[in-house]
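Quick heads-up: structures coming right below.
Both of the next two complexes hold chain A, though its partner changes from chain B to chain C.
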Partner chain A sequence: MNKGWNRIVPYLLIAPSMLLFLVFVLIPVIRIIYLSFTDYTMLQPPVWTGGANYMKLAHDPVFGRAVANTAWYWLGTVLPSMVIGLVLAALLTVRLKGLAAFRALIYLPGVLSSVAVAMTWLWLLDPLKGPVNRVLSLLGIAGKNWLQSPDTSLGSVIVIGVWTGMGFAMIVLLGGIQSIPDSLYEAAALDGASGISQFTRITLPLLQPILLFLFIVSTIRSFQVFDLVYILTGGGPANSSTTIVTQIVGASFQDYRMGYASAMAVVLLAATMAITLLQYKLGSRNTGME
Partner chain B sequence: MNPTRTERLTAYLILLLVTVLAILPLLMTFFTSMKGDEEFAAGAARLLPDAWHPSNYLRALQMAEWGLFFKNSILVTASAVIGSLVFNAMAGFAFARIRFKGGSVLFLLLLIGLMIPAQVTVIPQFLVLKSIPLFGGNDLFGHGGNGWLDSYYALIVPELSGAFGVFMARQFYLQMPRGLDEAAYIDGAGYARLFVLIYLPLSGPLMATLGIFKFVGVWNDFFHPLIYTNSPSMRTIQLGLQVFRGENQVQYNLLMAATLLVSVPILVMFLLFQKQFIRSAISSSVKG
Partner chain C sequence: MKHRLTAGFMMLTIILALVLGGCGATSSSGAAGKTTDEAGSEKVTLKFWYPNAGEIGTKAIKETIASFEAQHSGISVDLTVVPWDQYFQKLAVAYSGGTQPDVHGLGFGQLISTVDQGKYLNLQPYIDKDKWEGASDFFPDIWKSGQWKGGQYGLLMPDVRPLAWRKDFFKEAGLDPESPPKTVDELFDYANKLKKTENGQTVRSGLDIQTSNGEQSYLSLLLLLGQNFYDDKGDPQFDSDVSIKLVERLVDLYKSGGFMASNQQSANGTPFQNSQAAMAFISASQTASLTASVGGDKIGWSLPPEGTDGSKTSLMLGTFLTAASATKHPEEAWEFIKFWFSKDNILKYTTETGNLPPLQSVKADYLKAHPENEISYEAMKNAQGYPPAKEWSIDVKYLRLALEEAYNGIKAPADALKENAKLARDEIAAAQ
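Now for the complex of A and B:
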């Protein structure tokens, strides 16, 4: 065996991954931080403007709206999905028949593409022909144009977000619950602990790292919501459902204000990093994934 | 836990309720896709169609260039899955099994990548793709043309990188017994042969999980094709579906047929590989 050759083999093995990583992740991140301090329309080279983009962002009412909407989306999707997911996961650990079927069917909406999900709900919520308004009218309630009214557009997107996200929360928590050793429950049962108190005294405390992990992951995902909003409402009407990422895409690829959009992206990156670091800080390295 | 009868019944009822909420929209999508035009226009509020029209699917297919969209999606997804699996396995094996200078620093660098959302890098990635030299009318310095934008490269090449995949592969190879390597060294095999002849054939479970993860990510991706392509001939099915909706606003029965057609590959894979779906869901959350 050739010793010299063997020494360069590891570098050859990591070369494709590292090269792609540099070109498509690491350098882009550095570049976007640079661009966020410039004016750049892609027609001319970037012009350094210091913190001007960030100053403008701080006073941009539409971006403010986007941040607020993203926060509402976060509040409206993360906690409800987690609570529903926890209840379902707890129920699925009770020995019942047909568990696998329940688990698969509840997770099913989560595997569909966001476009397919959006199309399904465009139909369900169609103001004239959609089933939701029809059922409401049977009950004597006047329907709405859910996706195109400023007061219901964001709420509708949130409900759809929960519909697709609850199965994911369930799956993650189910994995966590199943990793808790049976012997703990057996011992508790011998001591006469009821199902509920077993849940609150054993399951919940041991599930804490997973709950934190799920919370962080869902939070980061909610910060990045784009597809559903873009297809269902386009961020409208009157910016009532616009989010940070729809603003980034609008400013960069529709208005060609690359520098300004980069500043928004850096804000998103900072928020994501902060949340991720918080996770490490809270000591959730051991999430019991393996 | 050993539930009482009432507990068991309550559990079933709640599960049943949520299951209905989860799949009723999908069933309605299916039933709507089977309704005839007249029945649909007349606006009958019934769940089930009066008469079943499976031919809706054929009509929906003929109303847009679905053949092309499917071809694009299959090509892009297959290339991304195969390419990323090979690259992930190579790097994962090197990081897990070989001690080399700079290895741990480079791996640490890669770990930072786990924290960076795709939505953040899309602007500079777009600029990188636009300025690939000597492609799409570009000169040697990447000026003048569109580079890789609006081509298969734009949809495939960025997908081949993945801090997450390398990380998972490394974890997988770390768990393997040391004895494997020693037997090979005694036989005089180098790292390259060790990887190809011994580790790669043992990588089935890793490949299944990472493969499903990539497949779902790329097949379902709407964001990147939307931004990196614009000509109709480059449309993937997710983009095609969105455009199809704009062109056929009223005909929900056909739109729902198209929606289900686009979802069939994912649904089939889900039925076949449920275990890997669940495992990749749990591990994909690392990526956020």
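Now for the complex of A and C:
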């Protein structure tokens, strides 16, 4: 093959995915950015309103609540699910009978559809018949209506988010741990390093690129949380568990305010990109991911 | 630098794909259109959506479709049943994408709040052309409920809410199982007596009031006090003194354990349906399923208690059948709606499901199968629903929020109702 052909082939190979990216991602994003500057009800053509939607967003207390809830969800799910996933991944590297079954069981919530997860937790947290309250009552603790109380609705969703996220974190980190050469651990053992030492001095540093990847992906997933919230609480009661995406869906498909919803989507996109790039910038200093 | 750019671009790709993937709305639709059957003639397929029919309802709808198809060899009907909590979102997406069903069900409030958008077919020309006798057979108020500015945009399957109570729970609480509360005060008094708490938690509501998406159970009571939650111009009225006093009373009842937190749109049903409430304003269409799950002898039905002016006003909502104005098959869509409301079909359908038939001519035969629903006909005489106003969805949104804030102690009832009524007025003004 000549040199010119060699230059073209890579572009040809990535062309299909780039085309899909263009059609299904980039063009819709540009369209959403345009719509965010309009008043659009889906049934009439959009009317240009400049920055009115953004001005309104800045003073919308419900959107402010949604931003705060999304931030709490991010704080409450990303790090805990990564820490639990890391501990589980470390524990599941030992040779045990039935290890594959353990791994599969822990990973299961990560692959289940969020609808199935939500339905399961609706049953578990049922205030009268649910196992959670029954166990608590055996311990002499009064149960609560976890999903219908403004004090506990968001916390309940966060716990369920951790449960679904830890399996994904575990499987990614398990792959990372297994890719670390055994010779490093053998050499450390010969030098008298303890298990904890080996973990902190070998495993953790070598897992940094994977941890960064996991952190970024989990952040994005937590920012876009919708289906769990929608099924478990509908964002209520009284917006106590509403998130940015539930607000986007409400404004667009329930109130038909597509322009306003697009402005929310643009804010979400900008926030996600900013935080992710910041994480990437800070994390890549130590991981050599540049 | 080049590596940084590449990594940056890849990162952007991942973010955009994940964010947009998460925001993507789901919609399902099959293409409606004409196909050619074995005989070579063209066959029209109507897409038909119906909300949350339940097991008994879905079976009855399928039987209706089968009968229709048997009598109309050139038309087939493709049914999709969607739960209420997803129904309007999916319908909105389908309409905006031009993939709307040809014929579909529509909630009482949704028709009157969205009919101005020009999405639904005016059935009046088809009714006139056929000189359809069903038009005069409908109960007049039910017929009128589908009208808007001279057009007939929907035909209603009515859903009246008399008072239902559990006789066994009345007996357990030392109340006469054959004697329901007669006044609003007595209703609250009974609700307190009928509640059941264990370890400080309500395990059975005295009265079934929904605390989330709870405008319907609240409205059943507000109607007894002579008011609705918005006026005929769409202006919110749920911050009136009467409404505030009612909500204060409901909040007190809730705090004392008179009813448990529940969501009107819960897929698991309401507390009354789950034997977790002793009294409820509940649809007569629930008769069939309640009889199957609880036993008809345990349930009493009566008119609501007397209101302030002595009237016993029931809430009447229901599901409209309507067609899309953009349908390519308006004649066939009308043919299907007409068949649905034909005497034979409506009698069969309502007898199976318990739904109240809207035709006067089938009342006697229907009552032979469902004598307990005599009370629903009685309730229909003095029933009210949502006044026709396109501001309905805004009023409902803020009323729901106000009720949730009040029940959950986030705001005092008066503040919650007044502040949300103001927000509703602001949004209505902005929309105009």
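By definition in this document, the second predicted complex is superposed on the first by the 251 of 290 C-alpha atoms of A that agree within 3 Å, B and C clash if a C-alpha of one lies under 4 Å from a C-alpha of the other, contacts with A are read in each partner's own complex, and residues count from 1 in each chain.
As a convention for this text, contacts are C-beta pairs under 8 Å (C-beta built on N, C-alpha and C of every residue); 3 or more make two chains touch, one makes a residue touch a chain.
Everything quoted here is computed from the prediction, not taken from an experiment.
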| item | value |
| --- | --- |
| Clash or fit (per the criteria above) of chain B with chain C on chain A | clash |
| First, second, both or neither for A:Leu91, with chain B first and chain C second | first |
| Contacts of A:Pro181 with chain B and chain C, given as first, second, both or neither | neither |
| Touched partner set for A:Phe253, first chain B, second chain C, both or neither | both |
| Partner chain(s) touched by A:Pro127 [first = chain B, second = chain C, both, neither] | second |
| Winner by number of chain A residues touched, once chain B and chain C are compared | B |
| Which of chain B and chain C A:Val172 touches, first, second, both or neither | first |
| Touching partner for A:Gly143 - first (chain B), second (chain C), both, neither | second |
| Partner chain in contact with A:Pro109 - chain B first, chain C second, else both or neither | first |
| Touched partner set for A:Gly234, first chain B, second chain C, both or neither | second |
| Chain B versus chain C as contact partner of A:Leu214, first or second or both or neither | first |
| Clash-bearing segment of chain B, relative to chain C, as chosen among 99-107, 189-197, 243-251 or 261-269 | 243-251 |
| Residues of chain A at both interfaces, chain B in one complex, chain C in the other | 21, 24-26, 28-29, 42, 122, 216-217, 220-221, 223-224, 226, 245, 248-249, 252-253, 265, 268-269, 272-273, 276, 289-290 |
| Chain C partner contacts - residues on chain A that touch it in the complex | 21, 24-26, 28-29, 41-43, 122, 127-128, 137, 142-143, 145, 148-150, 216-217, 220-221, 223-226, 234, 236-240, 245, 248-249, 252-256, 265, 268-269, 272-273, 276-277, 280, 289-290 |
| Complex contacts: residues of chain B adjacent to chain A | 1-3, 7-8, 11-12, 14-15, 18-19, 21-23, 25-26, 28-29, 32, 40, 43, 45, 87-88, 90-91, 93-95, 98, 100, 103, 106, 109-110, 112-113, 115-128, 157-158, 160-163, 166, 171, 188-192, 195, 216, 219-223, 226-227, 238, 241-242, 245, 252, 255-256, 258-260, 262-263, 266-267, 270, 274, 277-278, 281-283, 285-286, 288 |
| Residue ranges of chain C in contact with chain A within the complex | 3-4, 7-8, 11-23, 25, 85, 88-89, 92-93, 95-96, 117-119, 199-201, 203, 211-213, 260-263, 265, 268, 276, 393-394, 397, 401, 404-405, 407-408, 410 |
| Complex interface listing, chain A residues touching chain B | 1-2, 5-7, 9-11, 13-14, 16-18, 20-21, 23-29, 31-32, 35, 42, 84, 87-88, 91-96, 100, 102, 104-116, 119-124, 126, 129, 131, 134, 138, 163, 166-168, 171-172, 175, 185, 189, 195, 198, 213-214, 216-217, 220-221, 223-224, 226-227, 230-231, 245, 248-249, 252-253, 258, 261-262, 265-266, 268-269, 272-273, 276, 289-290 |
